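So that you can tell them apart, the chains are marked A, B, C and D in the order they are listed, and the count of residues begins at 1 in each.
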Amino acid sequence: MRNRSLGLTLLAVTALVVSACSNTGGGAASASAPAAANPCAGATAHSGGTHSFPTDKTKWKIGVSTDVGTVNDKNFNEYTFNGAKAGATALGAAEPPVVVPKDASELAKNIQGFVDQNFDIIVTAGFNNGQATNCAAHANPDIWFIGVDQGPPCVTPDGLPDSAFKCAGDAKTLLPKYVAISYQEDQPGYLAGMVAATMSKSGSIGAIGGITLCGPCVRYIQGFQLGAQKVNPNIKLFVSWVTTSDFTKAFNDPVTGKNFGAQFITTNKVDVLFQVAGKTGNGILDAACDAGIYGIGVDVDQALSYPNASKCTVTSAEKKLSLSVSTDIANIVAGTQKGGDDHWDAKRDGIGYSPFHDLESKVPATLKQQLDDALAQMKAGTLKTCPDKCGDISTLPK
Amino acid sequence: MWSIVALPLISILLALVVGAFVIVASQLVLPGAQLDLLLPVTAYSALLQGAFGNFDAIVGTLASTAPLVLGGLSVGLAFKAGLFNIGARGQFLLGALGAVAAGITLAGSPSIVAIPLALLAGFLGGAAWGFIPGLLKAVAGAHEVVVTIMLNYIADGVITAVVGGPLRQQGRSEAITPDVGNAALPIIIGSTGHAGILLAIIAVVVIGWLLFRTTLGFEIRTVGANPDAARYAGMRPRVVTILTMSLAGGLAGLAGAVVILGVNHLMTPSFGTTAGFDSIAVALLGRTNPLGIVAAALLFGALRSGATLMEILARIPKELIDVLQATILLFLVANPVLQRLFRLRGVKSGLDTTETLTKTYSGEAVVQ
Amino acid sequence: MDALINALYSIPLVGLVFQLGGYIIAVGPNVAPGILQAATPVALAALCGVMCERAGVVNIGIEGIMLTSAFVGWYAGVLLAPVLGTADLGPFGANPALVVALVIALVSGVLISWLHAWLSISVRADQIISGTIINIVAVGLTGYLNNLISKASPNGAGAFTQFKPPHELTDLPVVGWLLGMFLSQGPIAMSVIVIVVIFQVLLFRSRWGLRSRAVGEHPRAAETVGIDVIRVRYRNVLIGGVFAALGGAYLSMEATNSFQQEMTTGRGFVGLAAMIVGRWSPVGAFGAALLFYSSTALGNSIKFARPSGDLGTILVGLPAQLYDALPYLLTIIILAGVVGRSIPPAADGQPYEREATA
Amino acid sequence: MFLSPFATEAVMTIEAAMTPEAPVIAPALEMRGITKRYPGVVANDHIDVEVRPGEIHALLGENGAGKTTLMNILYGLARPDEGVILLDGRETTIAGPSDAIARGINMVHQHFMLVPVFTVAENILLGEETMAGPIFLDRKEAHRRIVELGKRFGFEIDPEAKVGSLSVGWQQRVEILKALYRDARILVLDEPTAVLTPQETQEIFAVLRRLAQEGHSIVFISHKLYEVLDIADRITVIRRGKVVGQRLPSETDEDDLAALMVGRNVQLTVDRGDSKPADVALEVRGLEVKDDRGSVVVQGVDLDVRSGEILGIAGVAGNGQDELVEAIVGLRRPSGGRITLRGQDVTRASPRAVNEAGVAYVPADRHRFGLVLSFPLADNLVLTDYYRRPYARGVLRNDQAIEASAQERIREYDVRTPSATVRASTLSGGNQQKLVVAREFARDLALLVLDQPTRGLDVGSIEFIHRQTIAKRDAGTAVLLVSAELDEVLELSDRIAVMYRGRIVAIRDGRTADKNEIGLLMATGGQARAAAPVAETGPAA
């Protein structure tokens, strides 16, 4: 009996396969045209005509879709969420719900979830969300999207994400409500480098990145190198990466970070250490404290965000993730925000260095002035903070 | 019929009760949280709505189900041969890698060529990752559980190295592969219903056919149920072990290929998967039977798919799905207790055709 | 002398071995304390494995036990810090909240081990499935709660700090760096050495050890001499839970004072690998854990300070991933019996049913 | 506690008590009316046994007579359904091994309860540890006592030797030491000589006699007549769960005991008719086979089985029959010799090749080898030829053919089942065996190998299988029958080969064989009587 029904199923499915194959065959005929497969197949428009934004600004619905990982990652996810929260609070709107994908296959679905629920502003965190956000923005040109670390957007003339990376389309006009945030990481890196070279007595300083495959990490450290050399052309810079193979170890494993940092310090005898490694970096700061040397934080003021290491965190190279998100939200509601590349650099106060806090007394009085001068030059656009091959790891010492 | 579905159904219902309890209890331990006794209702109705609320939701559930069916078949097939494939995760990743590598190579070729070849590459990638533990088990008695766990970790490293290296798209500061182009699976239902759903159905039929209609399937089942009898009957348990693990790896690899070609279309080094461990739950809940696996995969696919809306509307973290999953398994495994509790007689637990999986942990080679 | 060394260096393979030895001696003292720290959670996981499997219970839920305890300890610290205060109690940066939280973490490890014991010993469920359930439930529950909790960014009760041994000790020739390695540690890392020694001695010299091993090798024989197999197995699994919990607590209360989702990152499984490579003995497992992280440390050292000569060319030429993957590869190689076959207790993983009821 | 030097006096008193004239003192152990039922079988049926202090008491019976069950009850490993146990005249309940040990009862199990990777000392200490303080073992003291104990009973043993590396004879000594270390008053030995060489046996006997002299009571379970006569002070014979007699060695001889043990019940007889032996189907020459532990258990067996005859192998279980059969059917690789089937060399052939050469095999352990209990009957009926036409077409199973043939065979072989789709595990033992028989008998065969084909079956099934076997013979198949049931061998065989310690020690004509003689040969290998003929080879007329 069961056997027979199995046979029937077999027949039915064979029929399905045959029809599917013929479908595919038909598809293939038309597929000879380039880029037949729409990379945005899953992204659909919300229901119910054109999206209308609430007139009462406390009624704005803001949602956050993070990158794979956790909300409290001391990184994109956390500060993006904090920024959205701050933006919502400023409006008097409800705290944004946050969706955390469990793996990469959920990224698009999470964004679509907010679209289907008629959210007004959807904030997505991290580079991995870039393609999905671009697609959703393309399908829903009447909803605002803020993509952190996704700029500048690279689109085809149709406004779809450009897999060939030719970037022939103009994102600003094609996707008028997609705000793709990017940061000039080499600028805060440069400032951090100046601090490191000033604070170093031995003339040896270090920088540790999470993984070589992280573009912003590379730019931070490239800036760091130039900044340090500006203060002390003879400075000896050691650069290392926690891992080449494991993203968890690179950004999510403070225990490994602490170990790695300790070994780095004892081997290279540095006395100032800059880390660009997320939560793994927290462990690196711990190692700096344990070794009695200075640590430099990244992204936010880590003397505050990671109090465990505040006693030795002399400053942090900040890119103001939360500020940029909350500012953009305010601008959107106010009607002044534009789509496209949303680049945050010194000119917009999108980057900076953190106060010295408890270590103020140890810092030479002249340093603050030098930093502010450098910041002013950055704003004026007269300071080169990244080598010509910006983002190319080969410029860094091995 | 009741004897087959009673235990899974009771387990699922009890797990939902436990989940509700967790939702309520967690409000008690959180500082400053308000107690909302109806939160479980809100959460579960959002979950249901997210999974089956409308056509798109249902299609989304189907798309989430497809890799779980393939993964469940992988684990289930291995169970049938008395093997515990805890390495579906690594095989999934290698399958995804194989598919993306083939996909970007064939991105400009006609779909009719590119898709089958990319799928085949995915299958082979996973099969290679299943062949290793199968071989080591057969010739040296290395327990497949430990070997596959180790291979899961090695798979992570391989992905990062390859995506960050040879497959990396030039000109971008982040490690990301190009798009698979024409190798992408066509959408056959709604907006997200890729052809992987069809592939999963085909796989169910093929594996069901293989297991119950072919002589090889009979050998696989005999080796799993009674390896001594298999040897007596002139079968070759070693060959069957290697073959089954490779096939199981291939199925998990196909799951990875389906996700890459049907959903993501490209790969980054942080491409991970929940499907690997979900597959174990699917296979166990589905009693290692292909049709049972479809039902179990639908359940977990719906949970995974509906969880997004649960997180948006009820603000319940997705990890609740893991809790539900583990609790279902817990009740299923503790079935002697359930049977006593619910006075179920003659109800079968589902894994009774397979001998204790830890049996060969002591490192004996498969009998010749 | 120099001539001799040069001569040795000139022989291809021998020269390399000498170079490697020289390199390790040069960097060893610097990295040794770090190796022990990195190895601590893995070693504790491995000890849990030895404790369970010596009595015949396979425990692949160690990862889950560690994760649970890491979370419970950290969050107990968060809740207790305002109540008990974080006044320094003296050594190791201990404070009342931290100490009580550690105890709670250990209790949580015992409780979740009890679940595994019940499923695998009393219910006689498949032990691997039971362990898998524990892993999934731990990831789910800790992730769920942490997700809710972390939105408020609470602070824990601090972390245990490392002991700073006096310079006179660590500056001693030859043994100085070894003393430094064992003494520049926090309380949990230091306790590992103590546990390993005591466990090793008890396992092979005490009544408890004799009975545990008998139950893992030949439970029927143990029962015929009047040993309660079920009780021995329960006891060992619960004690193993304490070890795993200590490993989890190390992550969130000594190495850091924070909890992150899935922060064990596979250390429980690597612990199992260490157990296998260490042939189910406490000292062996500990040694294997140290070996694993020595490999990582070597990989790091090569990044920081490239060794000179041929050795440098070879070591740098090896894929960097290899150093990270060594634990996994080594385990597979040993399981495959290519080198040094490792044989588990004979009744490992077999549910035990009393004959008397027949 | 150990017998101190002062105990010598006590021993003498006991010896005095043992003289026949002396009044009988309270037995050290008395088991009264012990009854134990297992589903479908009464293992012990109101058994009464008493063992006096300082006595070696033999329990004699065939395999499956219920001796081991009785001793498991004594040791607390099984509960009696009825009956009481008295120690020194006082009624006691024994709930488990620890109870038994506490009361001075120790058991040496047929399958040694030793941990191979432990040392001698560790094995002996286990459960009864000599401690130095509350935690640690006192190895020194333990070693001293073990060595001393060994010396007292006439052997020197290294307490640090790994048990797994010892010979079986020495393992046996370790088992006995283990009991003595616990100061056993009553020592039960279950088939202690089953795996020993004659020399080892004599050495162990010397130890046992010493023990008895020192006042220990010994229960000696065996089915070997001459050994029992050699060692026992008194003999209780058990057959089919009942005590059938009690003897003093002085009052009996091997013939008498064999008769008691085997019984002279009226047999269910099958008319076996006349055989018409044709060409030699199976030829075995100089076969040597090792068991799982690597000891040679089949030593130079020569055997011929002709088409159309039944060759029965009689022998006590564990004399190499299983290994012989497994070697013939390809499951075990011989370490020497040659097996030829109808002129074709199959010495190293795989099970499948042997099967395809026309050999069918009904294994002794049908649950382990013969059946897949979780599979439906139909699948079990094609377990060995599922891949052949008509059950398979290429890679595909032909479910219709499988189903049809299943129906037919179930009918033909009278398997009582509701349908062919139920699991084999739902059938009774008899029907399960019929299932195996139905599968193995169904095709044309060159050779049919039956290993314990009727063990544990009901009378109806036994008769059925016997008739089928004879029908197969009459159809011209060569049949090799191995059975521990002497009656079965006598009843079916055209020729009978007696196997003892891996050798064929005698071949007799099935119709004229004397049961007592065969029983004796089985039990002694002919060594006890010089008259026993040397092994004959080749067909006996």
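Everything below uses one rule, namely that contacts are C-beta pairs under 8 Å (C-beta built on N, C-alpha and C of every residue); 3 or more make two chains touch, one makes a residue touch a chain.
No experiment lies behind these values; they were computed from the predicted model shown.
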What are the mutual neighbours of subunit B and subunit D in this structure? C
Does A-C or B-C have more contacting C-beta pairs? B-C
Just the number, please: Cα centre separation of subunit A and subunit D in whole Å. 74
Separation of mean Cα positions, subunit C and subunit A [Å, integer]: 34
Centroid spacing, where centroids are CA-atom means, of subunit B and subunit C in whole angstrom: 29
Taking each chain's centre as the mean position of its Cα atoms, how many Å separate subunit C from subunit D? 48
Residues of subunit A touching 2+ other chains? 3, 100, 244-246, 248
Residue ranges of subunit D touching at least 2 other chains are 399
Where does subunit C touch two or more other chains at once, residue-wise? 143, 147, 321, 324-325, 346
Per the touch rule above, enumerate the chain pairs that touch, sorted by label. A-B, A-C, B-C, B-D, C-D
Subunit A - residues contacting subunit C, complex: 69-73, 100, 238, 240-241, 243-246, 248-249, 252-256, 258-260, 262-264, 266-268, 279, 282-283, 286, 290, 307-308, 398
Under the touch definition given earlier, write down the residues of subunit B that touch subunit A in their complex. 50, 56, 60, 67, 108, 110-112, 115, 156-157, 160-161, 164, 168-176, 178-184, 186-188, 191-192, 194-195, 198, 201-202, 205, 208-209, 212-213, 259, 263-275, 304-305, 308-309, 311-313, 315, 317-318
Partner subunit B, residues of subunit C touching it in the complex: 58, 60, 75, 79, 119, 123, 125-130, 132-137, 139-145, 147-149, 152, 154, 266, 269, 272-273, 276, 319, 321, 324-325, 327-329, 331-332, 335-337, 341-351
Residue set of subunit C touching subunit D in the complex reads 202, 205-208, 210-211, 213-214, 217-218, 220-227, 346, 355-356, 358
Mind pulling up the subunit D residues that touch subunit C in the complex? 75-79, 96-99, 101-102, 107, 109, 113-118, 122, 125-129, 131, 135-137, 139, 178
